[in-house]
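Both complexes below contain subunit A, partnered by subunit B and then by subunit C.
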Partner chain A sequence: MRKQSRIILSGYLLILPALSLIFLILIYPLIQAVLLSLQEVKLASLSRQTFVGLKNYLTVFTFVGPSFFRQVLPATFYFVAGSIAGQLGFGLGMALLVNQKWVRGKDIFRAIFILPWVTSAIVMAISWRFMYEPRLGVLNHLLVLMGATNLPGWLNDLNLVMPCLIIANVWHGTAFSFTLQTAGLQSIPYELYEAATVDGAAAGQRFRYVTLPLVRPFIMINLVLISMYTVNFFDLIYAMTNGGPLYRTEVIAVFLYHQAFEYGHMGRGAAVAVLILIINLLLTLLYMRLNRERVAEQKR
Partner chain B sequence: MLDRRMLLYTLAVSVCLVVLGSGVAFAGGEVEQPTTEAQEVTLRIFARAYTWEQEAPWEVAKAEIQKRHPDTKFTWVEEGFGWADLRSKFLTAAAGGNPPDVAQVDIIWVGEYVEGGLLTDLTDKLNAWEHWPDVVDSYKEATKWKGPSYGTWLNTDVRIMCYNKKLFRNAGLNPDRPPEDWNQLYDMANKITSAPAYYGYGFPAMKEEETAMRFFAMTYSGGGQILTNDMKKAAFNSDAGVKALEFHVKMIEDGLTPKSVVSGHYGDIDNAVFQDKFAISYMTKTLGLAKKLIPDLTPEKFKQDFGAALIPKAPGGEYSTMAGGYLLSVPKGAQHPDLAWELISIGAAPDAQYKYTSARGYVPTFFSLMKKPEDYFSVDPFFNVILDSLPYAHFRPGLPQYTEISAAIQDAIQAAVLGQASPKAALDAAAAKVNQLLAQ
Partner chain C sequence: MNPKLSWKIVTYTLLILWALFTVMPLYWLLSATFKPPGEAIGYPPTLVPRHPTLRNFGDLLFRSKFGFKSYLNSIEIAVGATLISTGCAMLAGFGFSRFRFPLRNQILVLILLIQMIPLLAVIIPLYRLYSLYGLYDTRFGLMIVYAVRTVSMNTWLLKGYFDTIPVEIEEAALIDGCSRLQAFLRVSFPIAAPGVAAAAIFAFFRSWNEFMIAMTLTSTVRPYTVELYRFVGEHGDVDWSLLGTASFIAIVPVLLLFSFFQKYFVIGLAGGAVKE
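Let's turn to the complex of A and B:
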């Protein structure tokens, strides 16, 4: 019994360094953020903190210009949903294409496809902003060459601005999905496709009954990662629109920045950070649950 | 199975990691002891990125201070930022207990910084400074917050109207007769506009401070103001403010200004005047901007193609413009406050200010420099317009809440320009928000 206790104790001691690091870089800041969210504190006077309980959360929920529930959350989910659909769809599509046996120069394609992912978001934002510029931009210049007269305002148009951002983000993030899906596709033994072909499966059926179930875990991981990444996404939007016009692109990360660093309400900013964490957790739980249900369904 | 030595070893490693980690985590809060005897001094400066581009103020000040302290080895940590980043980086550094020795401070941030206990009271040093009596009185006053002064001016600026004479000529207008009031401005912009090739009038309506600044200039022209005199209520939604915004909305509705002004950077609009895309805009400098866009531009050629005048006034109103500018200040907690003040007193002295303002086309704050405008004509042929504007200049309130007040007004301008609310409704909504902020 004593020997077993010593083994257990030594096990805990062995993981203590890792746990200490996790505590220092993850748990401690998290606790600090939660505590800060319960304080009234300005960036210009961080040492003066007053405990206000849940007041910062109430202020965030009742904030006007932008309204959290009518503007920030819808903008966030619109951006996240659009980006995920685009990145996942294009990523999988491109991975499927490059994975075809008849494609030559796969390595070159992979290198080219990864380029947007390694491009700095600020450089990318400036490039896209220039393309969308209504008077001098490339897009409207091409439209004029094609004879268009009623030119879109792109980033100035309240209805177009979010799709414009999503397109830019999809261009940026598809490479990550492509890489992950390529890894998934390469893990599928080719014999399975041969067997399916021998059994008379058409291309669509091979995709549905062989490819999709086997890349499913990769899609799930991809979904979780890009969801979290997109919910937290800041730099591209900040540089392209700064949340405007009229808060149409004020996603939650930009909202946090404005509250905490532009207006200096650190407590309120921390409250928004906690809300982002909750959203991320909920999204992850949702995906995990969906995946578990699907796996259970397949086993039945 | 692990023996006792292994267990002790693991424990020791863990404790070391925790201690090391804590040290790293809290290192930012430690205060470095000032160097007095080692004769090695590191001075950190937070300033706008463009201030590092010419000799003055920093190179001039660094050379002089080195001359005065030959036995000291100076190490300079020079950090340059954009406008918004300068504030957030300074606040973050100060909050982390690691402020710079010298900070460039926009005049509207003074209240916020002082209320946060972040700036050193320089009143005594300024009163003892030989050049302080030479600073224009209104500018001296603007360095104060609730009594004490917190820095001296690096420069000020005022907005003037700049226009494109080529587009005036194309429309059959006399390029030497720019608009003097809003009615004339509308008529001329109407004649000039040939959308989408070029437009008669450009103004910023994006979410930027300059959007509010130019709206304020027009509001003051109609007899309005930003806040009430006691600074406790919004006043920009008065008749004068509404008329100013209605004028902007009309320019958009009638196609004399494109809707694209709600996004991008305000500098794009100013630049567009020199790119023949806008005929008229308001800006703080003229030739300085144009030179970056037009190669080999001489002052003579510039005067031939472009003009400048006071910002057109509201019908029946007064001329008006907005002044801004920067102080050089010593943050509280600076490692070397005395050397920092010495650096400032050199970098913001008349000689250095002349070099800086003339190189960038900004406005000096010393009587002695204003009395010899001819020195500036070689760098800005319209410097007389800038000087003529000074008597009509207004300052924004340097309240701690100013950034949020301005943001609410920028929202109102965007809402009206994009047709989401009438100018009156948009400004009233902004005023309600501002009143809430001021009540806090």
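Let's turn to the complex of A and C:
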């Protein structure tokens, strides 16, 4: 009996440091965020707070410049949808190409493809600003070489700025999808392909009836994870456009930051944080369901 | 199963194109490191430096407003965060793997869920708490936030590694007269070393690259990411060759680490996503 309680105690003691860290830095502030969203707190006087109920949420919903429903949410959706389509498409495509048995230099290709994930988002943002730079950038230089006279302003152009950001983010995030999909493809035993070939399946059929069903769970999980990552992604947009021009790229993460640290309304920013949390919670539930399905499918 | 030659050509063309697309933006910025200022912002842009030079390093160090000390801050913060995250995760991973206690499974799932909370959602209360309790603008303050970003995943990763080590090996060491701690340090730890390395590398590079939290929670002890951002902001007309040099110094350590330990990077990258 005494030995039993000692084992229990040791177990708790071992996990205590990690748990207290998580509690202090994540859980407690999380509760604070919910409470703060119901208070009026100014950046200038942090210790003073007054209870205002749901007023912060109302202010966020009725905000003009940018409007939450007509500018912030659409921009976020546009950015997330464009990014995940590109990242998953290219990630899966490249993983399929590299994973063919006869391809040489697999390790080199993989190492290069992962590079953007290892690079800091700030360096990334600077690199892309340099590419898009209207006067000195590579892109406009190439256009001049091709004989163009009407050069686009890229990040300064109201209609081009979002596609420009999405391209930069696809460049960055494809690395993750590529790695995840490679893991998925490598989990397929090679014998399955051989068996399919013996049965007379052509390359297209092998892809349709062997590869696709088996990587499908990985694709679904990939989708949910990068949606979450992209909704919460702040660095790249903040450093490339800071939400501009004319709020065209003011996604929800940047909106939160501006409310709290530029306009100085911590409570209002916290209300946006709670909205972001709700989006994340929904995506997490989806992720858990999909992961359970994947595990169940593999055990079958 | 021999593919047609035309398909092979298509495959290699696509792979090489994507590789070029991947390398291009970084190459463009980093090559400015070795160009004299006139050439970096000159027209037409040059793909290979026409007059290669190292003077930008000197200029950045002595003649610019760029705070070189930010690299030291980054090193200190990232190493501290790595030690805290890996240390806590090792203890917790070992605890979850070797001891059975009430609520064990529930806590494990909870840790996985907590990992999904974005720090963006808690940055406002963190700023407030840090300001009120004297952690604002301290290296230690950043270290512990960064450690939290990776400790959950590392706990799972290391628990997985310890699970693969049979308890019998440790018990044999106990019979040979080792204490529980010695058995862990001398027997299990070396076997789990690849896992520990993967956890440490994951923690390091996540901390090294972080920007948003650093910008919010520091003003003077800022790491290089914030310094780079401020450097762009301060110069209305950006000095691209100096910026390229500053970026070069920042990402070369990580690229070196990456090229030596690529295998572990991938464990950290893919391992977190697909858990049982």
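Here, the second predicted complex is superposed on the first by the 255 of 300 C-alpha atoms of A that agree within 3 Å, B and C clash if a C-alpha of one lies under 4 Å from a C-alpha of the other, contacts with A are read in each partner's own complex, and residues count from 1 in each chain.
In the analysis below, a contact is a pair of C-beta atoms (placed from the backbone, for glycine too) under 8 Å apart; a residue touches a chain by one contact, two chains touch by 3 or more.
If you're wondering where the values come from, they're calculated on a predicted model, not measured in any experiment.
Participant: Check the residue A:L155 against both partner chains and state whether it touches subunit B (first), subunit C (second), both, or neither.
Facilitator: A:L155 contacts subunit B only, not subunit C.
Participant: Looking at the overlay, does A:S67 come into contact with subunit B only (first), subunit C only (second), both, or neither?
Facilitator: neither
Participant: Name the chain, either subunit B or subunit C, that contacts more residues of subunit A.
Facilitator: C
Participant: State whether A:I7 touches subunit B only (first), subunit C only (second), both chains, or neither.
Facilitator: both
Participant: Going by the contact rule set out at the top, does A:P134 touch subunit B (first), subunit C (second), both, or neither?
Facilitator: In the superposed model, A:P134 contacts subunit B only, not subunit C.
Participant: Would you sort A:G244 into first (subunit B), second (subunit C), both or neither based on which partner it touches?
Facilitator: A:G244 contacts subunit B only, not subunit C.
Participant: Examine A:L21 and indicate which partner it touches, taking first as subunit B and second as subunit C; both and neither are also allowed.
Facilitator: After superposing on A, A:L21 lies in contact with both subunit B and subunit C.
Participant: For A:F261, select first, second, both or neither according to whether it touches subunit B, subunit C, the two together, or no partner.
Facilitator: The answer is both, since A:F261 touches subunit B and subunit C.
Participant: Per the contact definition in the header, classify A:L97: touching subunit B only (first), subunit C only (second), both, or neither.
Facilitator: second
Participant: One more residue to check, A:L46. First (subunit B), second (subunit C), both or neither?
Facilitator: both
Participant: Which subunit A residues are contacted by subunit C in one complex and by subunit B in the other?
Facilitator: After superposing on chain A, subunit A residues 7, 10, 13-14, 17, 21, 24-25, 46, 129, 135-136, 261 contact both subunit B and subunit C.
Participant: Residue numbers of subunit A touching subunit B in their complex, please.
Facilitator: 3, 6-7, 9-10, 13-14, 16-17, 20-21, 24-25, 28, 42-46, 64-65, 129, 133-136, 151, 153, 155-156, 158, 161, 241-247, 258, 261-264
Participant: If you look only at subunit A, which of its residues touch subunit C in the complex?
Facilitator: Going through subunit A, the ones touching subunit C are 7-8, 10-15, 17-19, 21-22, 24-27, 29-30, 32-33, 36, 41, 46-47, 90, 93-94, 97-98, 100-103, 109-124, 126-131, 135-138, 141, 144, 168, 171, 176, 179-180, 182-183, 193-194, 197, 203, 218, 221-222, 225, 228, 232, 234-235, 238-239, 253, 256-257, 260-261, 266, 269-270, 273-274, 276-277, 280, 284, 287, 291, 294-295.
Participant: Looking at the complex, which residues from subunit B come into contact with subunit A?
Facilitator: Where subunit B meets subunit A, its residues are 1-2, 6-7, 10-11, 13-14, 17-18, 21-22, 25, 84, 88, 91-92, 94-95, 112-113, 115-118, 196, 206-207, 258-264, 272, 277, 400, 403-404, 407-408, 411, 414-415, 418, 420, 429, 433.
Participant: Taking the complex as given, what residues does subunit C use to touch subunit A?
Facilitator: Within the complex, subunit C touches subunit A at residues 1-3, 8, 11-12, 14-15, 18-19, 21-26, 28-29, 32, 41, 43-45, 84, 87-89, 91-92, 94-96, 98-102, 104, 107, 111, 113-114, 116-129, 131-132, 144-145, 147-148, 151-152, 155, 205, 208-209, 211-212, 216, 225, 228-229, 232, 240, 243-244, 247, 250-251, 254-255, 258-259, 262, 265-266, 269-270, 273-276.
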